[in-house]
Amino acid sequence: MKQLNKTITGLVSFVLIISGYNGFSQSAQKASVNIAINYFNANNSIPHLVVNAKTRVNGRFQPVGGIAVKLLLDKDSAGTTIGKVVTNEKGEAASFIPPSVKQEWASSKTHTFLAVFDGNNKFEATKADLTIAPARMLISTNDKSITATVLQLKDTSWVPVKGVDLKIGVRRLGGDLPVNETPTFTTDSTGQASADFKRDSIPGDSKGNIVLVAKVEDNDQFGNLSVEKTVPWGGKFKYVSTFDRRTLFGTRDKAPIWLIFMSGGVILAVWITLILLVRNIFAIKKIGREAR
Amino acid sequence: METENNSRRDFLLAGLAAAGLVAGCSPKKSPFEEAAAAEGAKPSGKTVKLLSVDGEVVEVDEAFLKPVPHMPPVSNEEARVGIPGKKFVMVIDLSRCKNLKKCQEACNHAHELNPGHNWIKVDPMQGAEHTAPYWEPTTCMHCDEPPCVKVCPVDATFKRQDGIVLIDSDRCIGCRFCMAACPYSTRVFNWGEPDIPAEIKSQPYSAETSIPQKKGTVGKCDFCADMTRMGMLPHCVSACPNGTFFFGDMNEDSVTNGAETFRFSELIRDKAGYRLMEDLGTKPSVYYLPPANRNFPFESGLENDKTQNS
Amino acid sequence: MENSIQGEQIIQDLLPRKFKTGGKVWIGVLTAICLVGAYAYYRQLRYGLIVTNMRDYVSWGIYISNFVFFVAISLVGSLITAVFRLLGVKWGTPLTRIAEMIAVGAIMFASIIIIVDMGSPERFYNLFLYGRIQSPIIWDVIVITTYFFISLLLLYYPLLPDIKILLRFKEKYSPRLYKFYRWLGAFWKGDHKQYLLSKKAINALCIAIIPVAFTIHTVTSWLFATTYRPGWDSTNFGAYFIAGAFLVGAGGVVVAMYIFRTWYRMDKYITPEHFDKMGRVLVLLSLLYLYFNINEFLTPFFKMKESEASYLNDLFTGSFAPMFWFAILTGIILPVIILLFKQGRRPLPMFIVGIMVVVGAWFKRYLIVTPTLLHPFMPMHDVPSAYRHYFPSWEEWAIAMASLAGTMLVITLLCRIFPIIPIQETIDHNHETVK
């Protein structure tokens, strides 16, 4: 959660500003919407932006869908448009960076993304911005020790960055399990941070492969970066399914054999008797007809 | 809310990171292919040009450009068997709970539940007269030998291979035997017509989202099977500001509350985790960590309790 | 015994009669109750079970109590017949038809009330499409169907000779009823071969119905005993239910005996001697049920397990105590005391005792279902306060009463078309006695 503090602080100030503003425009009856931009880059490939829109309803934040947000790079002019996105029902929208801003991208080593919402009949217009220095991350492993490096573009070359907090973990469902007790590492003057792998026999896939992840989260300068590497350090996981066992809590085609035989036997025995007794009625009938 | 975003973003990263594996060696090829292929997308043949972090132009097939994952609802057959190779597990840390009920709020909101229809309940517990009281959130325990499933006459509630117990509201006949059989009293019934927006009501029922709830059928916590299928955390887990709920895959031996991730076996060992009513042999999938070294005094939760339990 | 009654006289006495004013009023009242119930059920269908006062904790209410009650009553109807016939208890002859009719009526409404209790009755067919043999409900469905079928056969076979007699009085019935009789039994000629076949069938039925009757009530008890709930989690439950069923069934038969005797003036056929003997049977059954009750409550009371303590206290001294002690006293203990005296076994006191037994039994069924549900393992918390207690809504009462009225209606109609007392058997029996 810590990594979000910045966003939260930003949001809170936003709320404060906007709620103040609301005081003047009570008659407008429009709600204010908060917009936040986040920058992501995984494995040093194509960066993308995620826009989050939410509004406060009865003191709780609710996502706002269907909001058209214009994204711009550095300045509001014709050549710097990244794109126009519309938030989904979760209040999210994402965009890549198109080649049309190639020149603008190359012109500077830091960039400011602008998000502009022009307002609609329900919500007031608002803006947000985010300043990012494009960076790369590297991950290398050596005998159960992992080294992550953070590099920033200076002039024309990528140079190491010192003092960046990062996490090194094993990819797991819903979160990354730190590779040892240390929750975060900080890069040294070579831009590197190293961690020893202490998760022996953590289950991997069937071959024992696990995915190591190094990530920088919500960094003021660099946004969200991550890089990963697959290594065969995990335990070999063999999936033994008990799903097809015949049990009392199985589905109906997986009823225990003894139960099927027992119930089937009883039902058959009784119903055969009953059918015989019904046939008996017809036998009596027949005698009756013959007696006539 | 903030934590919820967090988990979503984590997932975004996951999708792209996997894609990046390919990108790492040959950045000019479709870096999204792998991630998208995993989601079942096929190359469309149409490509778009995008800018990489180095300022280079990269060509990517359009079909793979789905940064926010979208999963079509799975079929009833798929929802009934579950995800192979997984065994979902939850750990609830009682020392962190102060009855804020954010989990309940998020759950009710996500599943379109009516007031009073709580799938998550937070009970004040006290073992004996002189023992310390504490707050205990309860969900469906997703028992491995579920008594509710044993008694269901029509397979309307069923156990999946990933451990989740779900309900098929299109089949449930409303006999409520499962409610009587569940010792954890976790099941709720739609006694009347649920009050939900028309556009949601008209959706086809999905056992994984449990939406929409239907009159005359039973409902309960579904471990957010739709979220876990997408690799995300259940709503209660991301909603708790105190990180009380941990969720994970037992086969990966890890649980996370979104911010902290622990090795499941170590966590349970070190904190002496336990399950509720072990003696009944239901083998729950929900573990509890004892309310030792509490983050909050019990009394701090009382205020919030008045609203609903007058 | 009035040995002097002659065959023709017996026939005249026992032929089904048209309803007189009293009968018509009775039918009218029952139909009215049923209609109110039907309206309540319409409301329940329309708005859902929300019209009942059942909620998430008390998820089963008087519908299920009624279901258990019906199963109990029906069980003994047939069981009495079977046991009497097999043991050749001659004095039981006049009672068998009544018992069979009660059985058919009660089992019909047992299955109806269970459908009424369902939240989505329109999906009833799912039981056949997707039925899982692991579920006790499916066992119950199978057993009830079987039992209903056997009860019908057991009503039908002994009727055949009577229908032959009925057919002799064509002028007494409407053409349609006459046709119906012909359809039912015109083929019965009283031929010796027919008689032998029928006798064999009745014997087979009497044997078959005993295990099936035991099963139906045991399986019904398992709907409760297969759960973990305090008060239901008991290995005693099958026997406990069956003992209770014997008692309430016998009580029901006694009540019916008295009513038929007075209304249809059958003093000659249902004599004080019958009441006396049924009285002795009732004492025995009450004591048996008392034994099972002690067995069921004393041992948990002795231990006072934490999970059961509040449930037991609620029954013995808490909010359910008045009903609990009422049910035990009126349903079991007082009948024993009254019936121990010869005076107590005369028709009228017997009638009152019968009613006490039946009413006590109904409350007993209520106590089996509801208090347990109000004492779950987990605290009743985070729910609206209405969920924490239970008193049936008017719709529930209306439907429950309608199901009781419906049973009586079925029984009444059955005695309108069929002789309440087996004519042929009475004649034969009389014959033997005269000889």
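For clarity, chains are labelled A, B and C in written order, and residue numbers in each chain start from 1.
Note that in this section a residue touches a chain if its C-beta (ideal position, glycine included) is under 8 Å from a C-beta of that chain, and two chains touch if they have at least 3 such contacts.
Please read all numbers here as calculations on a predicted model, not as lab measurements.
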- Item | Contact-richer chain pair (by C-beta pairs counted) among A-C and A-B | A-B
- Message: I'd like the most central chain, judged by C-alpha centroids against the all-protein C-alpha centroid.
- Response: B
- For chain B paired with chain C, centre-to-centre distance based on mean C-alpha positions, whole Å: 48
- Message: Quick check: how many Å separate the C-alpha centres of chain A and chain C?
- Response: 61
- Just give me the whole-number Å value for how far the CA centre of chain A lies from that of chain B. 13
- Query: For chain A, what residues touch not just one other chain but two or more?
  - Reply: 248-252
- On chain C, where are the residues touching two or more other chains? 130-132, 134
- Note on the structure: Among all residues of chain B, those touching at least two other chains are 147, 150, 155
- Query: Can you name the residues of chain B that touch chain C in the complex?
  - Reply: 104, 116, 118, 121-125, 138, 147, 150-156, 171-177, 179-181, 183-185, 187-193, 214-218, 277, 280, 308-310
- Partner chain B, residues of chain A touching it in the complex: 1-4, 7-8, 11, 38, 40-48, 50, 52, 54, 60-61, 88, 90, 92, 94, 96-99, 101-102, 105-106, 134-136, 169-178, 199, 202-203, 213, 215, 224, 226-228, 230, 237, 239, 241, 243, 247-252
- Which residues of chain A touch chain C in the complex? 248-252, 255-256, 259-260, 263, 267, 270-271, 273-274, 276-278, 280-281, 283-285, 287-289, 291-292
- Note on the structure: Counting only contacts in the complex, chain C reaches chain A at residues 130-134, 139, 142, 146, 149-150, 153, 156, 160, 186-189, 191, 193-194, 197-198, 200-201, 204-205, 208, 212
- Task: Mind listing the chain C positions that touch chain B in their complex?
- Result: 47-50, 52, 54-57, 59-60, 117-121, 123-124, 126-127, 129-132, 134-138, 141, 223-224, 226-229, 232, 373, 376-385, 387
